[in-house]
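Okay, so chain A shows up in both of these, paired with chain B first and chain C after.
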Partner chain A sequence: MTPADDSTWRLPPIAVLLAAVLLVACAEIGGASMARFKLELARWARGAMLARPAVHGLVGVRDVDEPILDEALVKFDAGLRLFHMHAEGMGAVIVTTTLVATTLVRGAGARRLIVALITVGGAGYPLGYLLWSALIPRLGVESAKNTAEWLVWAPFGGAALVGLWMLTGAVAMRLVRR
Partner chain B sequence: MTRPRLLASLLFISLCLAITPVAMAHHVGVYTPRDNEISANFKQIKFSLQAGKTDVARRLFDEGALRREMVTRAATLPPGLEAAVEAALRRGDRADSERGLVVFFAALSRDLALEADRQLGDAASPAPARVAAGRRFLEAIWRYYSLIDFAVTQADAKAAVAIRLAYDEADGAARTPDPERLRAPLRRIAQALDGVVATSPLAGRASRRTSRGPAVRGERHTRRQS
Partner chain C sequence: MVFVAVFVIALGATTGALMSLLRPQIERYAQARVIARPAIHGLAGSAEYDAEVVARTTFATEAGLSFLHTHAEGLAPLVLLAASLVATFVGPAPARACLQALFALGCLFPLAYLVYALAVLELGRDAGIELVERAILTPLGGAAILGFAALAIALALRRRGPA
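Let's look at the complex of A and B:
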């Protein structure tokens, strides 16, 4: 017979669910804004880049500068798109994995740690794409990427990955001990 | 600290360390350079000519960015080049039309090489910025030259080889911190391309035609000596 605690899913803390739902809501607002303000955003980014020719390596020759601006604008747009997609996806990942952790991980400390890592890491990681996108016109594609990498992607993405692997290990141990 | 706790802590730290390189690998998309309106228009015209649709090619030339650019850059092009290409398209002469377009792109690439040389010699800007600019110029030169490389090779194999060798040398020099090393191969590229422009039979004809009649669209063209 299946024990009672295994047959019922337990809800993660409300704060975790709020973070996940908020992330999905931000993703949707981001996606809608991208479509609604596409031209304005592109104009702003182009203007900001033209105001910093040295940062972007612009040389004042159209045939050379246009591809540089085009690449930066494509990546600026890609950053917004990737934020939209990752925020949507990570919202769902947070809900499902914390649900599994809350239900199946027995040790209270380990459970709290896993839930915290996945929530904080998962909610913070997509913001890196937004930061990358926002910094491209001011810092250039590569510098913006490095900044986003060290400030957001590596710490938050790393936390989410550690949390997910800990959860995998905990569920696997549960299966072995059964 | 008890043994299981110590083990768990070690496991946690190992996991963090193992995940660090994975966490650094993000998907940020890949950028593939696109054609600009001039190279896109060139391809449209070329493919129309290859398909035998000279009327379509003429319309694409008449309304396209390539002709506008020819007019804008008339001062650095062989006199009457635009009129010569237009006349060739009107006659349905595919070979002459293509020759005219080759001259145009050779001149565009040559001017980029000359401008790159000028900017690389500008000691006012820092060396790394000049090298980076040189790399960008090389990319731009290749974007245009690659469109006509085959035609140049068929018409003047020696010039094509000289351009390719100089380009390879410049490409290597662009990976070093010294901007001066880029200048000599860039000058050779400009010289070889200038030869392509000057020796083109169409360029000669265009010059003769212009010398007999009024300049195209009332503009006076002067050939820039490089």
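Let's look at the complex of A and C:
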């Protein structure tokens, strides 16, 4: 139990910390898996793309198809790398910013809202990169990107941004009132 | 200190979102700024050569924004945690104030990349990067490095001192 004192950090709810730690753990597992199963992942993606020639605009001519497949595989790999990086980064951001919110935001309603927006948005957003990668072989690069954008990046990223700016405003108000 | 860190994190997250949403507009703006200053960017009037110069400068601008995003998300939480260690473990008030000031300056380091992105467009790629590195990135990055080093020394001394 931490005291309700401005000079001491107050712990965010355990569920928030658990979400952040799980996110970092997933990022680590993702990074390790990318390295360990690089060939298997590339083979799976290539096979799934070859099974859907129309989706990827493949015409059956090697000189035309190979650059298309290569570009899609680069994006597939980039999505996995971006998941790894964003999940690691957002885990740390969730811990630090919810710590600040729990300690410095006075109103209970505002505090809960900020913590919820940052946690849900921050933990959900990186999963969009995983979804993007997973959908590239099935839907094509652009379609997969649009799907991830609307299903994950816009709602979860938007929530995290709103939460972060609300927190910035709340801390600024505390600073002005001091 | 807390405000600076939270502000930098929010700005970094917003930059990432804007870079993703407005990539074509940012690219067009950067290209237009380079073309509007042919002498500064060393454009020669040869389409092939100029296209390469424009592409390199646009890439440097995008890299600056990308560095702002990644450094803000990575450095600001670290600085906030380090400043908490200072508040908890560094005893003498002047030393604590000095370390907090170093971390506050270090926390502004990612903002230098915003200046970097604009400077390469306004002053030319090499001149812009050199100026920002010398005048902003090195002092602010140096403050962060000094802060972390001093904190490490303070923690080591505390460990060796009486319990």
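Structure notes:
Just so we're on the same page, the second predicted complex is superposed on the first by the 174 of 178 C-alpha atoms of A that agree within 3 Å, B and C clash if a C-alpha of one lies under 4 Å from a C-alpha of the other, contacts with A are read in each partner's own complex, and residues count from 1 in each chain.
One rule holds for everything that comes next: a residue touches a chain if its C-beta (ideal position, glycine included) is under 8 Å from a C-beta of that chain, and two chains touch if they have at least 3 such contacts.
Just so we're clear, the structure is a prediction, and the values are computed from it rather than from any experiment.
Once the two complexes are laid over each other on the shared chain, residue contacts for A:37 go to neither chain B nor chain C. In the superposition on chain A, A:75 makes contact with chain B only, while chain C stays out of contact range.
In the superposition on chain A, contact is made by A:59 with chain B only, not with chain C. Of the two partner chains, chain C is the only one that A:9 touches; chain B does not reach it. By the touch criterion stated above, A:161 is placed in contact with chain B and with chain C alike. Judged by the touch definition given at the top, the superposed model places A:171 against chain C, while chain B stays out of reach.
In the superposed model, A:92 lies in contact with chain C only, and not with chain B. Residues 153, 157, 161, 165 of chain A touch chain B in one complex and chain C in the other.
Remark: chain C residues 2-3, 5-7, 9-10, 13-14, 17, 20, 70, 73-74, 76-78, 80-81, 84, 87 touch chain A in the complex. On chain B, the positions that touch chain A within their shared complex are 8, 11-12, 15-16, 19-20, 22-24, 26-29, 31, 33-34, 36, 108, 112, 115, 119, 129, 132-133, 136-137, 139-140, 143-144.
Contacts from chain A toward chain B in the complex involve residues 54, 57, 59, 61, 63-64, 66-68, 70-71, 74-75, 78-79, 82, 110, 128, 132, 145, 149, 153-154, 157-158, 161-162, 165-166, 169. Across the complex, chain A meets chain C through its residues 7, 9, 85, 89-90, 92-93, 95-97, 100, 104, 153, 157, 160-161, 164-165, 167-168, 171-172, 175.
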